[in-house]
Amino acid sequence: MKLSNLLVLATDRQADRIVPPTGYTVRLTLFTAASLAFLAVFALALSLATSRVATQWSDALARSSTIRISAPQDQMAAQVAAVESILQTTPGISEFRVLSNEEQAALLEPWLGAGIPIDALPVPALIEVIEAGDGFAAEGLRLRLEAEAPDAVLDDHTRWRQPLVEAAGGLRLLGLLSLLLIGCATAAMITLAAQAALAANKQVIEVLRLVGARDSYIAGAFMRRFTNRAALGATVGAAAGVIAITLLPGTRTSESFLTDLSFEGLGWITPIFVPPVVAVLALLATRHAAARVLKGLP
Amino acid sequence: MIELDNVAYSYGNGPALLSDVSLKLAPGSFHFLTGPSGAGKTTLLKLCYKDLQPTLGHVRFFGVDGPELSRDAVASLRLKIGVVHQDCQFLDHLSVAENIALPLTVSGRPISASDLDDLLGWVGLSDQAMQYPQELSGGERQRAALARAVMTAPDIILADEPTGNVDWDMSLRLLSLLVELNKMGKTVLIATHDLSLIRASKSQVSTRVLRITGGRLTLAGADL
Amino acid sequence: MKLSNLLVLATDRQADRIVPPTGYTVRLTLFTAASLAFLAVFALALSLATSRVATQWSDALARSSTIRISAPQDQMAAQVAAVESILQTTPGISEFRVLSNEEQAALLEPWLGAGIPIDALPVPALIEVIEAGDGFAAEGLRLRLEAEAPDAVLDDHTRWRQPLVEAAGGLRLLGLLSLLLIGCATAAMITLAAQAALAANKQVIEVLRLVGARDSYIAGAFMRRFTNRAALGATVGAAAGVIAITLLPGTRTSESFLTDLSFEGLGWITPIFVPPVVAVLALLATRHAAARVLKGLP
Amino acid sequence: MIELDNVAYSYGNGPALLSDVSLKLAPGSFHFLTGPSGAGKTTLLKLCYKDLQPTLGHVRFFGVDGPELSRDAVASLRLKIGVVHQDCQFLDHLSVAENIALPLTVSGRPISASDLDDLLGWVGLSDQAMQYPQELSGGERQRAALARAVMTAPDIILADEPTGNVDWDMSLRLLSLLVELNKMGKTVLIATHDLSLIRASKSQVSTRVLRITGGRLTLAGADL
């Protein structure tokens, strides 16, 4: 798109009267833009929410690992110390701590009942490891543990995590897919609305061309009108979408974050981009449709 | 200023509607174009304002061959040629006055309110200036179309049946407007089937009467 | 809608020539119907998938409970037998079984490591209970257990289940919401397309009325034309939607059912209902729009 | 068959364009309606085919007062009144022949090919039968509109400037078609500004010439 096409938007408002001001083509453009902006905001929210969920899941699952040391009672303290010193020198670990007896009892409660004499049991020591940054290299850590604390077992939860990470990836895909679909539908509908509008105004264009208007003058007037209308419609639609999302029944609880569509943080800014995108689409579509109608006129 | 040089024209793949037509609209000349309904008068006029391209031959506008004009040059050309179309088309959402001033608006030229008033008065549309085109009677539309054609003070005026729907008194009034413009040096070509109008013009201006029959353009004799 | 309106669809095909056959209004109707049917099929699939997921989650989670008996060693056998006889007479239970030592060891492994001497531990007995039908009344069972096996504790997993059930309900809501939104957009766009089409054909309608056509004749011809076009577009769109869903990258694994959009079983039939619904919408919208245009003509 | 009884009409809230108009189109009568451009000829005709409702007074169609007619009755009425509209409108996607047969099509009546051929021949459109309306010349459109108006063999024919765009020979030919129909008992009303046409009719049929001036309908004298 040439810059002149954008500049034309700012100038020569007087010429706009040559485009019929009302009628169903304007309503069509307005409404199409509005409803698709509304859907786009929803899709955007869905996409952001699924992406957020996916990230949270992967993070939460990937960030904690457990090292279990089932050493004989007399070697226990030495091996725990060895593991601790290994962990201290392993990059990608933000913190680790040995679980207390109470914590271990709580973990075992569903299977062993409350009030088990944890001290009397030959329970292994459990060390919870929280990753930092990109995490640590599990294989490297395993090898070092094997060498220095033979009874320590690293459980990085891969087995439990895999399906959930897959599900999270799938969710993310689903969100992007919705956004893509709505985007395509928007583009197509706006194009079609522009074509319909220009076709409905074919006679106006004919008369203008016959009385000596230049192509750029005619196309410019139509582009301004329909781009403005599309931008207006999209703004209303996007605003309605944001309001609707805000008013959605608050399913927000710490556990059911999956179903929470509302925007978060910088996410609130994204709907602002919907109207300009729709407007640029309308601009291009109108320009194309106008060029096509004009080409048919001598 | 407009020259047709051995022009032929046929719609689609049909037979030639016009053939071997040569015509020179010299500056300041006054032509009538006549012929039976369906002979090709409107078609010939459309060739003269580049709404149609000739099948054969050349049409030159102010010395330039038609195909050599860019689209913007055609737009400028249309400002120098005022046309009264047979099916007078207007922009329905603009008032009659705005429609008449439209050629000035689209070319970014200033609109003189007094000129517009004078013109409206001459064609008898002062009362209808603020109406919309679809609220005009048949004759009023034709007069508005004529007013729009002469609004830009064009060098050439092509009028297709400008008096088809108006009464005799108004016809004479419109004719005298065109004669007036011709006396100011404008070239005028009127397509009409109204022979009395042609006869009435004889006393006011020296005209050439062209007739289309059988696809040929001939000069009509004194038999009118 | 009167029956006569549907009957009119079957008769008098000859009159259809009075409606302009081509042009952008027809394309508009076709494309609007097609793209919205496509989106509707997606929303339908999403809605079915979320509903399925929600049901599966609730089911899977609700159907298994655990009874833990931490009785002194000597009372253990008696209490287990008591619990078993209670379970046998409790309605809403499909099966139950005492977990073997190996199974219990496997459950404890993440915390206690492999090879623990399970026999030497004072581990409680675990009975897994699978519900049937609508399930059992947890409170009643609890009271009976308290009376006859004082050391038995019923854990119906409510604590773990609640957030997931909530999430499933939220998912279901989200699916229905998408379907509703697309449905509203479809209705609005079809109405608008019909209005645009009728407005574009206003002159045709005027001429017809002037030459003596009855309102029902004019409206009937337009209704047939646009209903057919909408049905055709919707069929193509729905088919494309089904194909697209079938071709979606197969994320189908037993664990990631969440992200699987494809239809299942009777679900495959549902897209068939999209074109008729769109057609009926188009019929009503065209009828309404035609009536409005005709009312303006004397 | 159509009676106007003290009818007045004004567009919107404007001044009365027509007032105190009384007119009876008796079966078999032949009327001309004349008056300057913008006098209200087209408006009066629209009142006669119920395209407009009078502001004051009554218009009776075959004895029934206008407002008492249902919408379907109006549709049937339009089949009994053939109208040549001044801005002849057609369905652009149907051929000229199909457009002329349109009143029969929409009323579900059979179309006789030979009748259609005869009619096309009479109005000189045999060659244009398969063209589309937008491919017709101005005069050809008017002739097609006249053909469509008489296609249903209506009891009453209302023609608004049917010869505005055709040459004199064709005007006489169209006039004689209408005279012919009148002799078969049809009622004819022609609005025109072409006084020579009225004069030409005098020898063929006994006519009444009405004139609208200043919003009143008067009977024109022998001064034509």
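Each chain carries a letter (A, B, C and D) given by its place in the written order, and its residues are counted from 1.
Here is the rule we use: a residue touches a chain if its C-beta (ideal position, glycine included) is under 8 Å from a C-beta of that chain, and two chains touch if they have at least 3 such contacts.
The structure presented is a predicted model; accordingly, all values stated were derived computationally and were not measured.
A centroid comparison over C-alpha atoms places A as the chain most distant from chain D. In terms of their C-alpha centroids, the spacing between chain B and chain D amounts to 29 Å. Between the Cα centres of chain A and chain D there is a gap of 68 Å. Centre-to-centre separation between chain C and chain D, using Cα means, comes to 63 Å.
The set of chain B residues that touch two or more partner chains is empty. If you draw each protein chain as a dot and join the dots that touch, you get one closed loop, with every dot joined to exactly two others. Inter-chain contacts, as defined above, occur between A-B, A-C, B-D, C-D. For chain D in complex with chain B, the touching residues are 11, 35-38, 41-42, 86-87, 124, 128, 135, 137-140, 143, 160-161, 164-170, 193, 195-196.
Listing the residues of chain A that touch chain C in their complex gives 23-25, 27-28, 31-32, 35-36, 38-39, 42, 46, 66, 68, 70, 104, 107-108, 110-113, 116-117, 121-124, 126, 153, 155, 162-164, 166-167, 169-171, 173-174, 178, 181-182, 185, 188-189, 192, 195-196, 199-200, 249, 251, 253-256, 258-261.
Those residues of chain B that touch chain A in the complex are listed here as 50-53, 71-72, 74-79, 83, 85, 89-94, 98, 102-103, 105-107, 148, 152. Listing the residues of chain C that touch chain D in their complex gives 14-15, 17-18, 20-22, 203-204, 206-217, 298.
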